[in-house]
Structure formats: structure tokens, C-alpha cells
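Before anything else, here is the set of structures, which you'll find just below.
Two complexes are shown next, each including chain A; its partner changes from chain B in the first to chain C in the second.
After this line comes the complex of A and B, so read on.
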């Protein structure tokens, strides 16, 4: 992998489980995560369970099939585990499957995979490989529902010139624990839109990494999250610009409400020496709606060449903007309605960027439901 | 001769590294290398220090050996602690007027431009540090009348022991980090400033520091106390001659700003490219007080410096302006740290860095908002400019917020000098390196304009020299 860089941000990967000691919480990549609530996914909990049922609904031309351990597809994205949970999934996953769109295919509707958790006691590990053939165009949606203790690895391979919109929606019940490792490889002139939407779950942690398999690739990562009382939602992103003239654009927006709501966003970008002429921008915005919440936001940028188009990041955490509220109220809008409008306005441009019409309505509705839980209740 | 030199003939004499000369090294040959208890006891007894200071030094030594080397930031493995002279006493006694200075020291300072500054009364007092101890020191009488103390730190300990003991080591404890411990055990020189209640010092206080002995570590210790509603601006500049083996500079600067006071600390560091510059700087701000660090890092091989401000009282304000240049073989790991420990405190960090010729600049910052510091605001902006393909720039902005009612913003951008900008300037008849220098000057302008005038000029000259040969 050539990761012998002097940086603590991206540890060297290994398939050997013994190279990944049980985390203590002091490690840089674990320091925000409440390990006690991971239900042993990082330690010794048995992962052989079948606590998650899968259901597929989508257009023809998409092959969804189980994979045997050791299949050549596993690892085809260049994925190498860099932490203990994903290394355990690599070795111990009870369910392995592939979603494949052949080359030169254009799907007319999203392929939707619904994973429903049945029990939190049955810790489960899954390993999926999503492959989009060269010059194909597809939208893949993975929905998570119900209660589960799940560790998964999702590999995403986007072939040369292909376009993929990959959406993962965590609509878990309140007691679910989900540790997800996602690794994408984007081919020459291909583009990937990676969308992560998280509303439910007790603890949801996403480690999303992306690399390029040739020049001209483009990655857009969008994230939308809403953390309630006691919820921990963590996103760790790492875009590794390994090829010239590639682009990455990241926008994550979140809202927090209720005592102990905690969100973490880490956005790491590395621009390697050979990655000339690249463009990158990362942005994270957090809206704190009530007292007692904590939003951590850390963007890191490492650049090894000066021959770039542009690189930057921005991060901000704030409460309701009094001026915006005042403006709306001076126009005769009630406080409740004003707050609702501000939150919807905060999320709406992001929802529009996702540009999956099937999802737009349900996302707006979910934002509304989340608001009703707290902010709007207080005022009514 | 380049076009810049043709128009500014005075630059020619300055050469590639304009302060890279060395006087004959009399004091250095006598000093011993390496660090042990004898060296520390020696330093203390030569200075006839009180027992408590010796005890503190010995404690520092013990902690220095116990503390681990930092594993993050720059590569420090090349520092050989056994090959450093920890104390060098200048052969001359402290002088009270310019004429009393020995000839070679006078020459050194002539090149640095001190007498001009003194003559023009641009500076309030010039404490010039020469080989660990201040040999030349003057302060304007009206300041003394106001009760302002501005002396070297050794004199401060001798003449104002009570005040000194009350504050020394309170902002940066002995065992804060490995290099602060090292400094505590072998410190020598630096400035001691006390500004009494309500006194407004109109003109910047300045001090020059120089390392002049090969392998000599410079461990100055600066302590500034700004009493209630007082104001002071302290300016420090560093230059050192070029030597073949690595030098270590590890200073500690402690600043206490009391209620309603304001302190600005400006430093431009231009150590030669073999110096490890590992500095601990920290200030505390009481209610309504303001602290400002203006921090320029141009020289040195490795700099690790993160001026910190602890906002301890309500409505305290902290501001850090930082600028870094990294050329060939240099790593400027600089940044800032802000700790919000009281409600309604605000902080702002503006960092600009330029990397060229394979140099590396890093911004490393920490914003910490403690529980109870509600209504706090923090804003961080860092911009980096890369001049070629082989240079490197990193941004590591840590944020640790334990309070919900805060507003926090961070923004960073990294860009290269665009061909469009160069083309525009060159089509107006400018040479390429001149155009490049102008773009870089424009980039750092927001910070340069905060510097005292003579420093802003020096900075501009340094940029031109740095940018020479950067293109083509």
C-alpha cells in the first residue's frame, strides 16, 4: 500500500489479525468511540451470527449472489484492514455476498438492498463487494433497519468511466450497534457519489476510505446525520489521492439534540506526490439544537505536491443563528415554525445534492420526525 | 546578480544567509558539553542563585530524563543531547552603554541593526542577548519612572526575587513537556518584564537573541507579567550564524495577563538552517484580558512551536497570527493552542504558510472548550501556499469541545501560485522571481501589516531572499 508516511492518521493495513491488538481507546482512531458500547465487536464477541436478514429489490441486470470465503472478489477493491474490527470481519464474516452490475449497463431504477436486524444479542458480521462494470451507470441503496449488533465491510469497485451513486441509510432502532468499514476504488474517469444517512442506532461508526485506480476519477461524499439523546454517530473519512487529476468533494451535515448526543466527524485527505492537478474540498457543519450535546469535527489535510488545482476544508459547529430566527420572527413566523424552517434549510441543499428522487421525500419526512421529538415538542 | 539585488544593492552584502557570519569563539571553547547534575549545579552557583531555584533546576533535570521524546510532529531523532553546551558565559560583564561593548560584539550588532534602532529611539529598550547572558541593556528613563521592570531574567531573579518566585513556573510547570523540563534545568538569559497596574507602554520593548557558539543550546526563559489594565508589546527576533553541526534552541516563555490587561508578543524567528527550535510558549488571560501572539517562523531546520493562550476569565480574548516559511530541508511545524476555561471567551487563529524547494509546513492547532465555558467563540483560518511540486503542507486542527453553547469555525485552504497570476504580473514587465515574491508578499500581507514597521520591512526583504531562485 505504500503507506510508510510519517503520519498517525492512516495506519498501515494488514490481513493478520495479530497485527491488530484490541483497542484500548487511547489510540488516535479510537479516542472518540465509546468502546464499552461496541458490544465486543472490537474484542472477542463471536461474529458468526445471522442476526441480519437481507432482501433485494431492484431492476434486472444486477446480480446479487453469495460469495464463499476466499473468493477472488473479496479484496478486489484493494481493501486491507487497518483496524481490528474490519480485520475480524475479513476473517469471521458469516455472510459474504456480491452485488454486480456488468459493464456497459445503465440501470433505470435504484437497486435497493434492505438489511433488517432481528436481535442485538446475535452479533453479526457481513462482507459485501459491490462492483460496477466499466461505463455502467447505477444507483445502489443499502438500507439498515431493526435491531442488530453488526460489523460489516463494504467494498466498492467503480470500473473505468462508470458512475455509481451509493447510498447507505442507517434507519436503525434505538438499540442497534453498527460498525461499518467501507472502501472504494474509483477507476479512470469514473465517478462515485457516496451518501451516508444516519438517523437511528445507539452507536454507529463509519470508516470510509477511498482511493483512485487511475487519473480523472471523481468522488463526492455526502453525509446527513441526526443524533438524538445518548446516541453516538461517528464518521471517519479518508480520501487518498493516489492518481493525478482526481477530484474529491465532501459535505457532511449533522444536527444534534438531547442529553449526551455525540457526533464525530474526521475528514482526512492525503494528496500524494504523483497526484498532480487534483482538487479537494471537505466541509462539515453541525447544528446544535439543545443543551448537552457534543460535536467533534476534525478535518486534516496532508499535501505532498504543490502542483494542485486547489485544496481546502471547513468545519463549523454552532447553535441556531439568532439573526436568522429574528428575521423570520419579525416576518410574523412563529418561533416553532422558524426553527423548523432553519433546520430544513440547513439540510435541504444537501438532500437535493443526493439527487435520488426516490429518497428525497422520505429524508425530508425523517428530518421532520426527528424535529418533532425534541425541538418542536418543547415549544408546542 | 539577480534583478532584485541590482535594485537593492544593500542586499548583496547580506548574501544567501545574511546573518551567517561568526565571531571568534572565545567563550565557547571553555564550556563543557553534555548534561548532568554537576552542570546544573554549576550554572546555578555561577549565577549565585537562591536554593529554591537550584531545587527547581534539579527537578527539571530529573523530569527531563524521565519524559519521553514527542513521537508526533517533526523527526527529532538527530538531536544529540550529549553534544550540546548547556551554559556559556560571555567573557564580558554587563555593559550599560553602547560604547562599553567589546568590538566584535559591537560589529555583530551593527549587522543586526541595533544601534540604528537605538539612535532613532524606535525601541523602548534594547536588551541584547549575547551567549546566554545579557551584556548590553538599556531602558528609557520614563519607563523606569512608571515602574516598568524590563531586565534580563537573571537580573530579574536577583533584584526582584519575590515577584519572580510568585510567577515563575506557574504558567508552564516544570514537567509540562520534555523540553520545558530541559529549559527549567538549564535556563539562562531571556527577558523579565513587569508592567504595573494601568501602565500603558507606548513603544515596543525589544530584545535580540543570538546563538554564537557552535553546538550551544540556547535556553532562554522569558517571564512577562502584565498587571491589571496595563499594556505592553514585546518584540523578540532571533538570528544565528551558520554552523556545521546541529544546534538546539529550546526557550520557555510565560506570560500572565491580569484583569483587563493586554499583551502582544511579536517574534520573528530566523535561526540558521541547522537549528532545532523547540519552544514552549504559553499565556494566561484573566477576565477581560487580551493576549496576542504574532509569530513568524522563517529559519531553523525544525521548528515545533504552538503558542498557547489559556482564557481563564470571562470575556478574555486570545489571538494568534502565525506565519511560516519552509525552504529546502526545513520543517515548520507551527500552530496555536487555545483553551477556553471561562464563559464568553473568544479566540481567533490566523495561520499562513509558504513552502518551497521541498520544504514542509504543518499547521497543528488545538481548540479546547472546557465544560462551563458557554458562549465561547473560536475561529481558525489557515492558508498555505505551495510554490513548487516537491514541497509539502499539512493541516492538523484538533478540536475538543466539552460545552454545547459555543460557536466554532475552521477553514483551511491550500493553493499553488497560479500561472494566471504570474502571467499577469509578467505581462506588466516584471521578472518572474520578482512577480513570485510579490504574490507571496500579498499572501502574507494580513500578518505583515500587524508587525512593527521595521520588522515588516525585514520580513519583506527576507521573503525576497527566500523566493530567489524559487522559480525556473
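After this line comes the complex of A and C, so read on.
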């Protein structure tokens, strides 16, 4: 029958699928998403597919193992479905697995999981639980490639005093549909750097929520996306300051090019009554490269206590700066190359912030490939 | 040997109250090896002249011609003009966030030469050009003009002039906002460029101060979108003594 919400920043979850009616598109949380292109993930499409193959490569000290339905790990982040897609994943996921780093462990290399879609026909659901034990340090990278119709839930549990850099790279083929629900719980004095890089896919929607399990926790969310012709890329972020003296810092940057390129960024931050002394900042910048694109950007801050250190947000959508292009071109650089440089520059500081040395090169290469494919394409 | 020929150039900009004529017929010929100073009060159209020659899209050419060695400059795109041998040191250099100076310079050099510069000599050349302009080598890793002081931006323009080595350089108030030491450093850079064979310079300035360091062959007084008077270096001395009053009164 649907759940009673006092505001969409106070969602009430339920494991009961009947509490989650099929969305119509008029709901606040669905109003930007082209439901028709979700291939029934939000409705009744069978999710039992095995269309996504997984490959793991990582250092010793990480356990990657399947989980049975009903395992205690599932839900250990405090995740409770607040929408129909994730509720369906909860019940119907064909693959459930855990990635676990024990306490007091420092990984000497990133743990990399590569998920490769084989076909869009076989809708697939996966549920992963990533747990970093207390005082451990780890980098976990999940890469998505190929063609798929995928709904997933990723739970992230960062133990007290632990540090996790979690990177999710959506380098999908053009026809992929990916609905991802990510929920993180960050322990006392722990820190999570959550990085989302999205290039490919016909429709990619991420609902990423983070909460704190004690005071002193810190969350950084960095995002980089590039939407070209006809692509819909949506990031819905929600940092729920549930504990005092916690921090959140969100920076998402996107570029759009081509007819029908659509990006959506929703940056929700809730500062609860008990969250005294917190600090939050969120920022979204979009660079629109051609006509026919749409960048929706909605920062949203709800404050229930006045006792905070700081709270701010910024959102800006800009076109190419003609003066920058003129300056570069006046030095002999062609228009296309000048555009490529400006976009490269737009993303560059963010790539530096991601600061995963093993990843920087491949990330830069992916960005450059995307730029070459799009910005260097003959401009009509 | 190259010649930049500006003939009867008329330029307007679009404003909220319609088109506004700024250049009202400018004629100037800068031959190889010559330095021409253009001096004029603020708002007389000096930057408009510089930008129009470089091809800034804001300015509409309503009459006249610009040629470089007989080639129609006005028919060229902005980057084609640079590749033909024109360089504009801007009055207000533009910040390009996230693009490092060294990446920018290498990209520009590659575009101008049609091939990437040889890595080893290029790095040396860049460091020397920066050093010559009193810029620390660390500028190479900084974003183009971002967070540069006014003087650093101007010195960076002249470092580019030396590295990119055009045929004709237009310097738009490169001297403004520089203290005396920076002015000397910048003038030395321009003079090194001038000392090379066959280079033309169009030096735009508001003050006579820089002409003590860069001695022009010709001086043109620029008032209300036109050259009001042309002469030799002595004209600058006269301006120093009497200012623009005489010309401004004549223009009204």
C-alpha cells in the first residue's frame, strides 16, 4: 500500500515487497527516471538471470565468498529497502556474495571485482556485502562492463577506525541498464571514500545512501560521469548524519553531449537532531557540451539541529566557456582539441582527488577514450 | 620575412542598444623586423584591434581587410591565424582550470608545428623560457593562469611568445600592472624575440613607460577607433609631455 513518509529524507523501509507498489513515475524519487527503459526491473521482470559474470583479482587478506539467502551478513549495514527495485533484489537476487577484510588488516593492493554482462535479455539481480573490519585499510574496486540488465544492492560496512576507498566504475556498453542501490554504514572514527565513475549504459541509476554508526566518521563521495546521446545517468545521494561530529563531503562532476543526454544528480543531506558538531559540503558541476542535453541538479539540505560546524552546497551547470576556447585556439590549438583540453581540465582535479594510484592511469585512460570518442567526434 | 597589413579595418560589437562601431577605419602595415607602438587612452579601441586581428568571435568585422603576407587573415579561424604566424599576448589572459601549463604549451607547440616537439629539448626549452621570465619551474604543473598574479599572467604570456615563436606578435598592454622589475623582465623577453630575424611586433600600451625598454620604430596615436597620428619614437616623448588631450579634443 506504500509507506508513509514525512519527507523523502525520512524514508521508511520495508522488506515486505507488498509495501512497495510499482512506481508510476510521479513519485518524487522516480520523477526523473524513464521507467519504460528500466526493462521491468521496477515491476515484475524475472530477475533470476545469470547474465553477469564475476571475476576477482586482489591481494591476500580478502575473502570473497557466496552467501546463502537469509545469511546474517545480508542487512548488516542496516539496509532496509525503500523502493521496489531494491526490495525485489533483496528477495530475488540470484547471486549473493560477501567481500570481507578482517579487522586490523592493511591491504597492499586494491581488491578488484570485474562484473561483465553478457546480454541484456537475462535480467539479473545481485546482492553484495562488503565488510571492512575495525582499523583495517582497504581499497575495493568494482568494474562493470559489457551488456546487462542488472539490479543490484551493495552494502558497505566500514568498521570502527577503518578506512575504505570504494570505487564503482560503470564502463558499460551502450545498451546496458543498471539500477544500483548502495548503502554504507561508517563506524566510529572510520572513513569511507565512495567513488562512482559512470560512462556507459543506456540507463544507469544509483541510489547511494550513507549513515554513521558512531561519532567521528567521515564520508567523501566523489563522482564523475559522462552522458552522451540518449543516455540517462542518475545519481541519487543521501548522506544521513545520524551521529555527532561526523563529516561528509560530496563532489560530483559530469559532462553531457548529444541529443537526449540526460543526467540527474540529487544530493540529499539530512542532519539529525543528535548530529551535533557535524560538517557537510556537497557540490555538483555539469559541463554541457552541445545543445539537446539536460542536466538536472538538486542539492537538498535538511537540518534538524543548529549545533553544527558547517553546511554548504553548490550546484552549477555551465556551457563551454568561449573565452577559454578562444585563448587555447589563439595558440594554434584546433577547436576540437581545445574542447578536449577544457573537458580534460574540468575532470582533472576530481581524478586527482580520487587518488588511487593503481587506478589513476586506467581512469585517466578511460576518460581520455571517452573524450576521444565524443568530444573529438566531428562537431556538427 | 612577413608583413601584417591592416587596411581600413572597421569593427563593431553587439550591445543591448544595437551594434556599436568601435574601430572606424584602421590602417597599419607592420613589416618584418619592425616594432610599432600603438598608444591610446582607455576605451579608444586598442584591445578591439588586437582581438579582431586574432579573431575573437565577439567582434564583427564591418569593413576593411587584414592580410599576413598577402593571405586573408579575416577568412581564417582563430587557430588558423595562430598557425599562420600570429600571436596575441592578451591584456587579460584566461584561466583554464585543470589544464597544466606544460600540457597546454606542448599541445600548442604540437598544433603549430604539426608534430610533437622532441621531448628532451622541449622540457629544457620550457624550463628555460619560464626561468627567463622569472617564473619558477613549478609553474609547469599549475593550471593555466589559475591563481597567477597579474604580473605572473603577463610573464607567462611572454614565455609563450618566446616558446611558440610566431612571425608577428600583438602585445596588448603587456606592461599594465607590472612593477618595474617585472617590466624589465618582460621587456627583455620581447627584445629577445625582436632580435630574431624578421619578427614583427605591434606593441599596444597606454603608458610610455615600456617604450624606454622596448624602443619602437614607429609610434601611432590611437584615439576613438582610429590612428590619429603616426610618427617615430619622438612622438612617444611628445605624448609623455602633453598626454592625449590634444587628440581627444580633436576627436570630439
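Some points to look at:
Assume the second predicted complex is superposed on the first by the 365 of 380 C-alpha atoms of A that agree within 3 Å, B and C clash if a C-alpha of one lies under 4 Å from a C-alpha of the other, contacts with A are read in each partner's own complex, and residues count from 1 in each chain.
The rule is simple: a residue touches a chain if its C-beta (ideal position, glycine included) is under 8 Å from a C-beta of that chain, and two chains touch if they have at least 3 such contacts.
Predicted model only: the values in this text are computed from it and were never measured.
Judged by the touch definition given at the top, the superposed model places A:276 against chain B, while chain C stays out of reach.
Once the two complexes are laid over each other on the shared chain, residue contacts for A:294 go to chain B alone; chain C is not touched. When the shared chain is aligned, no partner comes close enough to touch A:29: not chain B, not chain C.
Touch criterion not met for A:54: it reaches neither chain B nor chain C.
Between chain B and chain C, the partner in contact with more residues of chain A is B. Once chain A of one complex is fitted onto chain A of the other, the partner contacts of A:330 are limited to chain C, with no touch recorded for chain B.
Those residues of chain C that touch chain A in the complex are listed here as 54-57, 77-79, 81-83, 87-88, 90, 93-99, 103-104, 107-108, 111-112, 143-144, 160, 164. Listed in rising order, the residues of chain A touching chain C in the complex are 321-324, 326-335, 337-338, 341-342, 344-349.
Against chain A, the residues of chain B that register as touching in their complex are 72, 75, 355, 384, 386-402, 404-416. Residue ranges on chain A touching chain B, taken from their complex, read 6-8, 273, 276, 288, 290-308, 310-319.
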